[in-house]
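This report refers to the structure that appears directly beneath it.
By written order: A, B, C, D and E. Residues from 1 in each chain.
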């Protein structure tokens, strides 16, 4: 078995006295899309924040292509190739679309303008003026420009109209076809599991269930808890 | 009249240099760095120290830039970085900077005493030349040129370079900046180096112009710098420059057209009115508070 | 408590001092804060005096001990220090405080404790004689007031320097400067000199080229600048640049070596009235200057000279007071009142009926980088 | 006993100023607790100090009446001022109030009856220590009880999020103004007491440096409760006296202490007993002060 | 009608974010508001709740003209809302957030609180606890609001709005960040509230929630109302499918 692109062992995240994530382990193989689903407060965002170095993991290892990144500063993690599209998009509202794209260190955004023509149209506008869906596309494009080895996505469909959700998932599917490795956190569990090769279910800071996307979709417990069936 | 305009340009340039460093830190980190006047003073005394060792004036300004820049970085490490890590409100940082200012000024006094000092005799250009009947002195003219050059350079840096973009991103959303791979610590260090370095240059140049540096010299600039930043637009670099010249021309003009006792009342009254009429200043950006 | 009790110990074999209890003299000066430009040399002055007095046998055999407190240049600090020295240290008299603002707040404390005070650096009105705050019969002043010095300066300007019109400049938010302004204005007017314009500036102004340009535009015979040394230097330099040779007349603020050091050639010709000047060839002064230089490796300034003199003036009165050790403050007060002709670096010194200075006023002009007497 | 008496006599001014400063710190605490950074309280103290001193000196008012008039005068000035400046927030508000303070200072310099640059001298020393500490007690009690009432909760809500607070039905402007005017009233009361405590006042005592100093008391002491500002005033008023033996190194120590307290107790001395809670607040990035 | 708007218009620079909108919402109704991102939904309710000033048109609430009232005045008349971008009092506890929400219902106790040892707020706290139980946050009463996970913060916003016992409750994407099971629970709660007589305006992108909970739905696009009617009708409307749902919707 080849070395996984992202290998997380025994990760613990604490906020002061509160432990949000209790020693979880999971991995993402190169080229694979893995979904992480779970109820509100399960610890999904906390997990991603620890992976990206926004909070310091209290324990555990995070290996990206064999290199341990646990506890490294955020910018070093991004440069190593672990890039996040954060919850709530976090675009820079006052800077133009173009400037937002260049912030990841790229000098040329042409590739993204080709992939997302709507961004090319809006390139000089302050990013804050974009609609919610457009902002989400911008956040994805911006992350892609940072040349991710592994892309982390935290609820990319949050707050988007159904049509926009569809188009964001189309983009994700296309990324998957082009071989991008992704770890996807989603509340839209149905779509996420359909897209994913594998999935993990996070319950109160522990991994409860794991399996292929299709298998999880069949699971009665998952259906009851996350698909609203 | 022409010589009063020249005076206004000179004073405005010094205000602008002082305010630029102040504004830079404010725009990136939201901190009112009340140690800036002390760094300004440090600049004047660093140049004094260097020149007492025989360093020529031009080089002494450079030394002041580097020493103050480094002091700025240390200041950040000691007084601000721990607060940032603790997510403390910007007000805490302001108070912390008051502490640093006390320390720095006292250190300067321990070395040089509280009295007025003077640069070594003959070390500063004293020549006066005349252009179209206007008596200009070399020192002030050089200072004006240098100040304008530095302002343009800083504006370019922040508007058009990668570092500038990173600083603006950091200013707007530190969390996003980190997620984008921006080395936040390095960017902040750069901010402080530039800010304090500029403050140091301003101090050295002002010290030269008056040839009487003293340990409290920065204090007079504090209130003026607030006015400059507010009038021009908080956190805006071109705004600070504009505000500086507006203030200096306003001061000179009110000297000519008003009873001189009313000048300060006029200046602060004006500041007050600007705040009420256009709180974000002439070139300031509106704060976005979307619901 | 936190006090620097400087026992300026005399020579170790001054045996006679052991028998009698020490004579404690309070000194309240500004060692920190804005007044710390003056406080340190005042401290030098009093300590030098105490050392020399003890070396010479003390106060009729008793050792003179200084209790020095910093007032931080604030009124609160001054009042605190006065309270402490009168109630806890129980000093025989207090010298100070440095700044006039502090003085008017602190002196009442000593007055109500009936402890005599000699002011050593206050130049404004209302410090002695008729005090705004009430009876002040325990307060004396050994520092030449501007209301004594300025009339002399003005009369020399008129008679010797032939000044007919002036522009009068001052810092409106500075007590020293605005006091001086009022006195200059009165005396200039009464001696028939035209004031072409009054220009107020602020002590926080960073550059005075504007006000000076405006002053020169009036083409006066002289510019009168009632300000402290910092602004004065800027005024002198601007004047020199725009109109070399223009006469600049100042008050006590001009009377410091910093003016010559910082303004350089621009200071040449500046005129001011002073209580003391370095080059005074009087033997008492020369002795003082030499001793000061030997101890501190620097020239004294007027503040050091006045502080030094005040200790000797007090000593003179103490010697005349019958029981030195358990001083009855009113007796000491009476003796201070009788001070006449004490030889000090300031010249022969006496107190007048309103407890103020009687001494020679030295109107000096800067010539070749030196203060030189012109009256 | 005698030693104690002596100590008391000697440090009576310092003790008095601790109380006066504690009142001023509480006056700025009110607005800080509401999340508003204002720097006008030194000026309010100044207005009341000059007002009440002139009343006792020139108009022969009895002391308590003069004090009350001074404080009311400060409050009366703060009302229209607050109504205009509370359109501003954050540093803008701070600087607007600061500019107002400077206008007051310059105005005092321009009005002859105040003694202008020379200051006002010969104020009858009517203030006794017990006046100061009784006032402080009452003020601290009122502040502490207000904090846990609906009013205090509304202030805290405004601090955390003005817009959301308005949505809960809180008339935000009115509450901010109330905190401001109450602060001015307290500052005015303290200013009047202070003026009659040490014979003389001058415009510089109520300027920028003083405004910042009051802020330091409150912030270093801590905003979460009313003990913070009192503690801060105590520490930073007593410190210069305590550190007197350090002579020229005193400022350095004072600066170091200031930095250390702020760095290690960023929410103030008063949070020393609740470090855990403070740490939690920190991680959620809650506003504590403006 | 409890709430009526007529010709309501709001411009931002060149953009007409809300363009001549007429709405009429009856007492006790659950009214849905949907539309693509940037259609003007949030802007519309910002106008209704007084956070923005209308450039044109009028708003009537409970038979009174409220067009120019401030948010706090409207809150006192019975309008409560949640925010799309959560705006809790992060540094106050969960319980305190709800207590602030009760502001309009509690009498000022500023003077009463001066009486020593009196705890004026006790009954209020009991009510607040009950409300927290109801939204499932009973155990988190002592946590700071900022410590809650995203979905829990949304629940707390709802609890805070309910604390005011409003006549009209406006919810801006309350289910964002909730999974389908959680949003089903929310739907149940909305039904209960409606049964209690509270009028609800619901903005949501979760079509299942909107269609399941609302009696009437309006669709906005580019600031204009392009359709209004019962859910089934709306879902069948080709213009709505084109602009909002996407042709091959299966959510």
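Observations
Here is the rule we go by: a residue touches a chain if its C-beta (ideal position, glycine included) is under 8 Å from a C-beta of that chain, and two chains touch if they have at least 3 such contacts.
Since we're looking at a predicted model, the values are computed, not measured.
Counting hops only between chains that touch, subunit A reaches subunit D in a minimum of 1.
Any chain bridging subunit A and subunit C, meaning touching each of them, is among B, D; the list is complete. Centroid to centroid, with C-alpha atoms defining each point, subunit C and subunit D lie 36 Å apart. Centroids of subunit C and subunit E (each the mean of its C-alpha atoms) stand 74 Å apart.
Per-chain Cα centroids separate subunit B from subunit E by 48 Å. Centroids built from CA atoms put subunit D at 29 Å from subunit B.
Of all residues in subunit B, those touching 2 or more other chains are 109, 223, 261, 264, 291, listed in ascending order.
The set of subunit A residues touching two or more other chains comprises 15. Counting only residues that touch two or more partner chains, subunit D has 106, 109, 163, 248, 251, 280, 283, 285, 287-288. Taken together, the subunit D residues at the contact with subunit C in this complex read 6-7, 9-14, 17, 105-106, 109, 116-119, 121-123, 125, 198-205, 240-245, 247-248, 250-251. Residues 141-142, 145-146, 148-151, 153-154, 156-157, 159-161, 163-172, 280-281, 283-288 of subunit D touch subunit E in their complex.
Listed in rising order, the residues of subunit A touching subunit B in the complex are 52-54, 73-75, 78-79, 83-84, 86, 90-95, 99, 102-105, 128, 142, 146.
Across the interface of their complex, subunit D is touched by residues 49-51, 70-73, 75-76, 80-81, 83, 87-92, 96, 99-101, 103-104, 106-110, 112-114, 120-121, 144-147, 160, 164 of subunit E. By the touch criterion given at the top, residues 162, 165-166, 168-169, 172-173, 175-185, 285, 288 of subunit B touch subunit A in their complex.
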